[in-house]
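In what follows, chain A forms one complex with chain B and a second complex with chain C.
Take a look at the complex of A and B:
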């Protein structure tokens, strides 16, 4: 590389500010990584150091897996997030198609209701939904974790906006070819909307993988615990908080999301920008 | 193959009447163009024939059967759209195969994985493959069967859309401005291809376009639609030569017909720009409009004088724009020999034969006129 890069004062300053911002965001993760790699005596020692003197990540991981059934919690997380996402798509796509492309009485008010639904925070409806699940006898089960999130107004809104950009001719062509309206949703709209579905998938999976609030209030039995609850479980262990294994467990729990993101990074960002532009 | 009859078709969106009672019969194997300015309702009419839109009132019959309430796919028509409307996620092969798969495979057999296990599917798929390959060969698409529409040029996409239409062997083809997304050169080429396709298939074609040149060059009959009504239906030459309405005269033909203000005298003689033009009519004294096609204007001699304001040399022919006193817009005259073009700004005499004149009344309706038998040509010329 013979080309020299000249940095003016302003670009330099910009990069310094950006780096500082990145550091603030990354600091907890770095600290988590550091703590997970330290033996107990180093964690509790008064001096602060980032690099552990004695590298104890494997011991901490072994202890974390020994203390709790981490595989089980990861599997729970997978079951819950995949079920939620699949059901959300199952409901949001036909709804969005109807709102975007079919002409029927009351479409405007219905769409206004969808928009209104986005404004309602999930915490506001938590207690009624909790009572409903209680009456149904569905508390403390996978159903309690999945059912309240199957209708995503955000998903309906996002997909509807995307479907608006699909030319009407394509739908008419499908009708001429003999594809039914539901067939159009799954065979024509879904494949063209893959970028939007991907973007929505990221939001949905990340939100429900990391959700702490809802599993905490509907679950009692540890066998249904989702990953965030499992981490909290470590903190409440009777012998007092053991930060090394706790951080190691946290590491295990965020790992699937980080790995998935790294693997599909380009597609993810493509999806988000695509839906943003259109 | 089928005859398509439309009777008293009306359609309105909210409060606007898009179609105001359209009657049209399209014979089996005929190539009819619906032509008109944008917003005249021609696409809506086509969509009503296809079944994609419900008419407000009136009846559509295909092959003698009323098709109201029959789903688009059951009408067995094929449509080619302006945007081609190819499925972007499917290959050219799959795009062409879709109508056949929808018709011949059951829902169960179409399932992605399970369907493969069913014995019938294998047999039907083999038939479909043969037919798609046959159609692709006809349209010179064989080399592109594995590509996605995004990897094709505009003309190739157009051919895929046509392929998807012919593969199902419909009773009639509907074209909705299929060439307007192509560049000018390709459009002329595809015009010839579609005309050939019609000759080969001998099927009923209904072709919607706003481009009168497309309609004139391809179709057996053209139906000029303006403001939701069929104003004139006839062979292209007839519509061009014998427009029943001033809007038809203006719409058909490029460049546009020249319209001069005129006056019908009480003796039936017609005057324009202060000159009698050797045309007589039976009508009463009234103001009128005198229409003359650019190619019927004779330049070099005649009772009128104009100034050359612009010359368009197309190579094979040229159009001279003449500024004439008493006319708001320049008058256009075609000159066949481009080697003898007049100078800009020069004064030019011009005239036209009585049989070149098409007369319209103030409301735009055609007035029948004939050459005045013993017309005394006034040769005096207003000095300009």
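Take a look at the complex of A and C:
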């Protein structure tokens, strides 16, 4: 008797609690959308209302795009994240293949170094890398944004674990066909590793699209600004005077990843929880 | 890294039998070195070199742009330990960690258990709670700033409407760090939830049936006897990961409070950033980095210890 009552009430209670929590979690997103859709006089009113009386999203967006070159910043974000990911793969995949499938002197120590490298947080190496780029005269450029991240020890580790599961027969057959070791990496190993590469790609792109620390350190010129830096700059320039366009700008900055996430949630969650392994 | 439960399903390929045959891999020295060459060079240049560099720098008085520098032994560390800002910064960082870790772990676990306890709208809830992890933190920090606006913010508006006093959340000493902690929990919760969900899915259903047969039928006793012990390794993992990430807190501090008001939100990485990249006292900033690094590596070691000791597996 008590059991049936419990079964009846529990699903409802579960939804009530989860929906209440969801409302709190979503509040900043809802408030951002609401504010971005309000004209200034409604934003600066002490009376709270969610739905704007006068819908001003387009005006606020237009003002945001007029005040800051948002297209440029989105493009910068794209250039930087894609370059980083492409170079990471180009460098990590051959190394991962060698670590997984070839025997050579120093393989053990090298793998130990990779594992050790995973433990180093990115902020720890910031000062010397900054000084190195300063010496090279490479600060304040795309190179400064991309170069330090071309090596992903985590990527090497991940792909090495994956390559371990690829049967040796496949590689032997490729060698028999006269494919070089380099050819094997790209023509045999890469195609088998597409799911792992995708997951790593999502992880890498999200991490670097959202990164604020490193671009803040190496950039001066607005022309190289990545989206987070651009929105922080926009906010400082407006100095809290104009929240409508600012919220519209924030909306534009988070939109690409959020939309991509909503379209492919499972893949994104898989990719991002990879950081959990880090 | 050994937590098999956390391996995303895309990567969890069944190990083909062929691998287990343990055929000796042929020595292909030349090709192997060519394949690992670029990675090794970049690793030394961008990771291992700088790591040694930062330790070495912490024993010098190097300042960016200075023509020369001298070895000054432990002077940076002595300055640091004598500096009140350093202790404030360390205390604030630890406070942030001590609030955000339990907050986001408990809430993450709670949400995961709730989601898993029924079948309706599972994907919807997972998506909603995960959204803050995805959204650019800097953009959302600015939204939070407006929500916490003393006059026109949502939070104070709601408080006033129920007759409670309003606060200048980010402007007052007592509430600034706490506000940043709330943002931290809000952002980390979904990430922890997903890790717990992965852990929950991997618990064999047979164990719950066995517990029920043994008389542990209630939700609480099932949680206490089955779920919690089996989630042990995942929990340790989540706690350490969240701890490491919380130690790195910087974005919200830099954009919202700049460490203020009167150092109430000064945290390690922000102090390091100011010293190293605003005042260009590279040597001193390097010493701060070393302290940060020691804290993070200590957490990692704790995790390695605990996971080695805890072997609850089905």
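Keep in mind that, in the parts below, the second predicted complex is superposed on the first by the 231 of 278 C-alpha atoms of A that agree within 3 Å, B and C clash if a C-alpha of one lies under 4 Å from a C-alpha of the other, contacts with A are read in each partner's own complex, and residues count from 1 in each chain.
The definition used in the following text is that a contact is a pair of C-beta atoms (placed from the backbone, for glycine too) under 8 Å apart; a residue touches a chain by one contact, two chains touch by 3 or more.
Just so we're clear, the structure is a prediction, and the values are computed from it rather than from any experiment.
**Student:** Check whether chain B or chain C contacts more residues of chain A in the superposed model.
**Tutor:** After superposition, C is the partner touching more of chain A.
**Student:** Contact-wise, after the overlay, does A:89 reach chain B, chain C, both or neither (first, second, both, neither)?
**Tutor:** neither
**Student:** Thinking of the overlay built on chain A, is A:48 touched by chain B (first), by chain C (second), by both, or by neither?
**Tutor:** A:48 contacts chain C only, not chain B.
**Student:** Can A:159 be said to touch chain B (first), chain C (second), both, or neither?
**Tutor:** Neither partner.
**Student:** Which partner does A:189 contact after superposing on A: first (chain B), second (chain C), both, neither?
**Tutor:** Neither partner.
**Student:** Does chain B (first) or chain C (second) touch A:178, or do both, or does neither?
**Tutor:** first
**Student:** Classify the contacts of A:167 with the two partner chains as first (chain B alone), second (chain C alone), both, or neither.
**Tutor:** In the superposed model, A:167 contacts both chain B and chain C.
**Student:** Once the structures are superposed on A, label A:14 by its partner contacts, choosing first (chain B), second (chain C), both or neither.
**Tutor:** Touch partner of A:14: chain C, not chain B.
**Student:** Between chain B (first) and chain C (second), which does A:61 come into contact with in this model arrangement: first, second, both, or neither?
**Tutor:** A:61 sits against neither chain B nor chain C.
**Student:** Residues on chain A in contact with chain B in one complex and with chain C in the other?
**Tutor:** Looking at chain A, the two contact sets intersect at 167, 169.
**Student:** If you look only at chain B, which of its residues touch chain A in the complex?
**Tutor:** 47, 50, 52, 71-74, 77-79, 81-90, 98-99, 102-103, 164, 176
**Student:** Using the touch definition up top, name the residues of chain A that touch chain C in the complex.
**Tutor:** Counting only chain A, the residues touching chain C are 10-11, 14-15, 17-18, 21-22, 25-29, 31-32, 35, 43-46, 48, 91-92, 94-95, 97-99, 101-105, 107, 110, 113-115, 117-121, 123-132, 134, 147-148, 150-151, 153, 156, 158, 161-162, 164-169, 180-182, 185, 195-196, 198-199, 206, 209-210, 212-213, 216-217, 227-229, 231-232, 235, 240, 243, 246-247, 250-251, 253-254, 257-258, 261-262, 265, 267-278.
**Student:** Using the touch definition up top, name the residues of chain C that touch chain A in the complex.
**Tutor:** Listed in rising order, the residues are 1, 6-11, 13, 15-16, 18-19, 21, 23-29, 31-36, 38-40, 42-43, 45-51, 53-54, 57, 64, 107, 111, 114-115, 117-118, 120-121, 123, 125-140, 142-147, 149, 151-152, 154, 157-158, 160-161, 186, 189-191, 194-195, 198, 237-238, 241, 244, 247-248, 250-251, 254-255, 269, 272-273, 276-277, 282, 285-286, 289, 292-293, 296-297, 300.
**Student:** Which positions of chain A touch chain B when the two form their complex?
**Tutor:** It is residues 167, 169-170, 172-179, 188, 191-192, 194 of chain A that touch chain B.
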